[in-house]
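Shared between the two complexes below is chain A, which has chain B as its partner in the first and chain C in the second.
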Partner chain A sequence: MNEEKFIEVDNLQKVYEDNGYQAIKSVSFNVKKGDLVCLLGPSGCGKTTILNMVAGLLKPTSGDIRFDGKSIINTEPKDRNIGYVFQNYALYPHMTVLQNVMFPLTVGEHKKNKREAQEIAERYMKLTDIMRFSDQRPVRLSGGQQQRVAIARALVQEPKILLMDEPLSNLDARLRLQIREEIRALVKKVGITTLFVTHDQEEALSIGDKIILFNNGIVQQDDIGQRFYLEPNNQFVANFIGNPVIDNFEVTVEGGTVKGSDFAFDQNLLSEDRFKSPLEDGQYMLSVRPENILPVDEEDGQLTETIDDVELIGRECILKFTHDGHQARSLIGLGDRELHHGDVIHLKMALDRVFIFKPNGERVY
Partner chain B sequence: MKKINFGLLLVYLFVGIFAIITVFPFIYMILGGLMSFQETTTIPPTFFPHHLQWGNYGKVFAEAPFAKYFLNTLITASVTTIVSLFNSILGAFALTNLRFKGKAVVKVIMLSLLMVPGEAIIFTNYNTIARMGLLNTYIGLVLPFLTSIFYMYYLMTYFGAISPTIYKAAMIDGASDWEYVWRILVPMSKGGLFTVGLLSFISGWNSFLWPLLVTNEDSMRLLNNGLSAFASDAGSETELQLAAATLTVLPILVIYFIFRKQIIRGVVRNDLKA
Partner chain C sequence: MKTNNKKAWLYLLPTIIFVSLFSIFPILRALGMSFQSGPLINLQWTGVSNYQYIFTDPEFWRALKNTLLYAVIAVPSALVISIFLAWSIFSKIRHQSFFETMFFMPYVTSTIAIGIVFRYIFNGDYGMLNFLLRLIHFPAPNWLDDPSMNMTTLILFGIWTSLAFNIVILMGALRNIDPNYYTLADMYGASGNEKFWRITMPQLVPTIAFLLTMNIIGAFKIYTEVYALFNGQAGIGNSATTAVYYIYNKFQMVGTPGVAMAATVVLFLIILVVTFLQRKMMKRIGR
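What follows is the complex of A and B.
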């Protein structure tokens, strides 16, 4: 048994037959046993499609999925040994909470007798803290409580793999924070390998052991959380991850100088060891995280800008300015300096933390 | 002084007049069934019988086998209801949840069949039943009505309203299609099934043309045909005709009365009429 490759998705492809849309171009990744892996991406990137193919609800056009080394591509969903938590929970409205959780144990070939089924169901209901709703219908429960019922029902068959499709998107912001921690604690306690689909980067960063970021039907980056932030594979990843979003400046490299509109610096100021490939003359995109471009004294500044707007976000505030027709941001600590709309500031980029991308998105620095 | 809402008054007046027009014959039928022969035929007509002639019902039962008609009707209406409901559930489930080749074609064919009026195929149906030697049998009476595309389509709107993820969840929970249908789909669609059941039972109870064609033995007649035969046999005994008519309509009136809410809700909700 290969713990590292508990779930193997190999060159998966999905073309919808009815409209010829290529939802998944070619996707391969592995999931380690016991890991909670987030499938992240903007809507329409194919993350739910992948989850549904792993679940067997959708048939891939080509490629293979292996659980524990065995291909399950031709296995029925019920025989894949999976639990699935749907975005809208998909609880059976005519059954009580107990009946909902018991349901998987009362159908199919592995049917248990009623007493045994109830015992197992109650064990998982205690684990998810829903025992007190046992006799209620799901309609009477709040979103968070319904969520727990759905999780208990998914776990009750003691599956090897748990699949969750945006399980938090129907909850309000505060509850979302709480439940996501609960989910992580729970799946770690049960020790189940989990695939968690989300479009929310913050959610993915906070609960995922590993994140796989998708766009346009391919994997953009398959990595641990902080690497997305510190070492984005390409322009898409840099743009997608981070809040406030990254600042992008168009630059031209010519004879050892990096030139933007209104600013320029010597290429030698960039750290030698961060180059992925040599920086040849041409057009590039210089991307800077807003916390790496900060107001400084006039003599140290690389850019001079006028503040359009100041937005408070808790402990920090975002200074917004327009550079070369595009909005850019600088993130400063609250109280560092009193700044207002219309103030002129001088900004300096931390050049050892900026990224440089080719026009095709490939990262150079 | 409160202003009189003339619009509303007009509406009530209109509804009131139509209610009287519709309800009056029923009331007269019930009352007439309890009159003496003279009372039913006098001019000006009597409305309230002087003495309630309950004996009329005894005479009706004595003169024609109404109990047998009643039983026949009950059997055929129940069998058509149960079997067509069963078939409609499975058909509607298949067309809603299952994926199979040619599903769209099947749907179109079904829909076009739905547009063929029953009267148009009644003769071919009669031929078939006659050749199968099923005239004057229960099977002959019910066979053409054991499947109903209309009820199937009706149920499809109910089944289609159930989120498809419920079906997916059931699949992952390990339920077979059969278990899904009976443990989830049916209990979740009680309202629709109830309406279909009622509509089917009522139309079975009221059927006239088909039983008239395929039965000619008195022992196989249904209530409506029995009634029409009785009307000609009983000749001029108007009070007995009215009593017999009451007998025929009464069970369905009771059903309507008990389930009127469900019937109205069921028909209104789906914007479909039987």
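What follows is the complex of A and C.
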């Protein structure tokens, strides 16, 4: 058994027959046994499509999916050994919590007798801490409690893989933080390999052992969380990950000088070892995380800007300014400096932390 | 507070006037008339004599028996067939809306018109039904002209006419069931039967309760179907007479409005009790 490749998705492609829409162009990735992997991306990027193909709810146009080395493309969903949690949980409203959790064990060819089913169900209900709601109907429970019922129900058949489709998006913000930690703790305790679909980068960064970021039906980056932030593969990843969003400045490289609309610096100031490919003359996008472009004294500044707005976000604040017709941001600590709307500031970029992308999104620096 | 109350009564006034005039007054009037005898223009108080009359009238008992028979057989049968058809259309058939429209057509067609067509179908000599029965060597009874067959014919016709409404309402209810319930059940390996009995049926309980109430009330008031099917009669020798047919007959044909109203009051009480019991029962099942 290959632990590293517990789930293998190989060259998967999905074209919807009715309208010819190519939802998934070509996707390959591996999931390690016991890992919690987040499938992340903006809406319409194909992440749920992939989850549904893994679950067997959708048939891929081409490509292969293997669980533990065996292709499951032609296996019925019920024989794939998976648990699935829907965004709306889909708890059966006419059944009590116990009946809901027992349901998978009391149907189908492998159904268990009632006592055995109840024993197993109660084991998982203890694990998810929902024993005290045993005789209640799901409608009486809060969103977080319903979520736990859905997870317990997904686990009772003791599947090898747990699939969750945006399981937190029906919860309010504070609960979401709490439940995502609970989910991580739970799947780690059970030791089940989990695919978790989300559009929320923070959620993915906080709970995923690994994140796979999708856009336009292809994998943009398949990596551990912090690398998305520090080493984005391309322009899309840099733009998608990070809050506040990254600042982008159009620049031209000409004869060893990097020139923006009203700033310029020598190419030699960039650190040699961060280049992915040589910086040839031409058009580029210079991308800087807001915390890497900070107000400095006038003589050190590369840019001179007027503050449009100051936004407080807890212990930090965002200075917003307009550069070359686009809004850009600088993130400073609260109380570092007292700044207001209309103030003129001088900004300096940390050139050893900026990124440079080609117009096609490919990263150069 | 006081002025508010006055205003509220003012807003309610139009409704109160119309409800009193067209619902409450007729009920009270009917109740009053059931204790009166004579022609409509010269009613005399005669106590409970009308009630004594109907309870000793074998015709009234036959009407009640037929109505009850119809309610007990036609309503559940129609409901079971409707559930089966609605589920089939919903789960197995393409072009759902086409079939749904087709099944709904009888509902928007007049019962009298349908009755005329059914008279042709049920005709003992050249009817389509008997033609088909003879083809497969089944006995071909005289549906319309044999008194012992009249109630059967009426029940068959009643089942057919009530399918349309039931199916449309059931289709709506089926569409309201979250499709994810079935997706998950499939993943758990549930069979078609398990899905139907453990997910679909419990989800349909409120709808079925509603249809059962409507259908039973409708069954107790059956009249048009009788009239249409037997060409303005209540079957051969009044063999398919029903409660409302009895009321109509006593009121319009015989000219004893008091007797008709006594029968009306009795029917009203029966419907009241049955509906009450049924609601209690459905509530228990729902739980």
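In the analysis below, the second predicted complex is superposed on the first by the 365 of 365 C-alpha atoms of A that agree within 3 Å, B and C clash if a C-alpha of one lies under 4 Å from a C-alpha of the other, contacts with A are read in each partner's own complex, and residues count from 1 in each chain.
To be clear about the criterion, a contact is a pair of C-beta atoms (placed from the backbone, for glycine too) under 8 Å apart; a residue touches a chain by one contact, two chains touch by 3 or more.
Being a predicted model, the structure only gives us computed values, none of them experimental.
Colleague: With everything superposed onto chain A, say whether chain B and chain C fit together or clash.
Modeller: Verdict on chain A: clash between chain B and chain C.
Colleague: Should A:104 be classified as contacting the first partner (chain B), the second (chain C), both, or neither?
Modeller: both
Colleague: Give one of first, second, both or neither to describe whether A:229 is in contact with chain B, with chain C, with both, or with none.
Modeller: Once the two structures are laid over each other on A, A:229 reaches no partner at all.
Colleague: Looking at A:265 after the superposition, I want to know if it touches chain B, chain C, both of them or none. Which is it: first, second, both, neither?
Modeller: Touch partners of A:265: none, neither chain B nor chain C.
Colleague: Shared contact residues on chain A for chain B and chain C?
Modeller: On chain A, the overlap between the chain B and chain C contacts is residues 55, 57, 77-78, 82, 84, 86, 88, 90, 92-94, 103-104, 107-110, 157.
Colleague: Sort out for me which residues of chain B touch chain A in the complex.
Modeller: Residues in contact with chain A: 163, 165-166, 168-176, 179, 183-184, 187-188.
Colleague: Okay, in this complex, where on chain A does chain B touch?
Modeller: Per the stated touch rule, the residues are 55, 57, 76-78, 82-84, 86-88, 90, 92-94, 103-104, 107-110, 153, 157.
Colleague: Please output the residues of chain A touching chain C within their complex, sorted ascending.
Modeller: 55-57, 77-79, 82, 84, 86, 88, 90, 92-95, 103-104, 107-110, 157
Colleague: Touching chain A in the complex: which residues of chain C?
Modeller: For this pair, the touching residues of chain C are 178, 180-181, 183-191, 194, 198-199, 202-203, 205.
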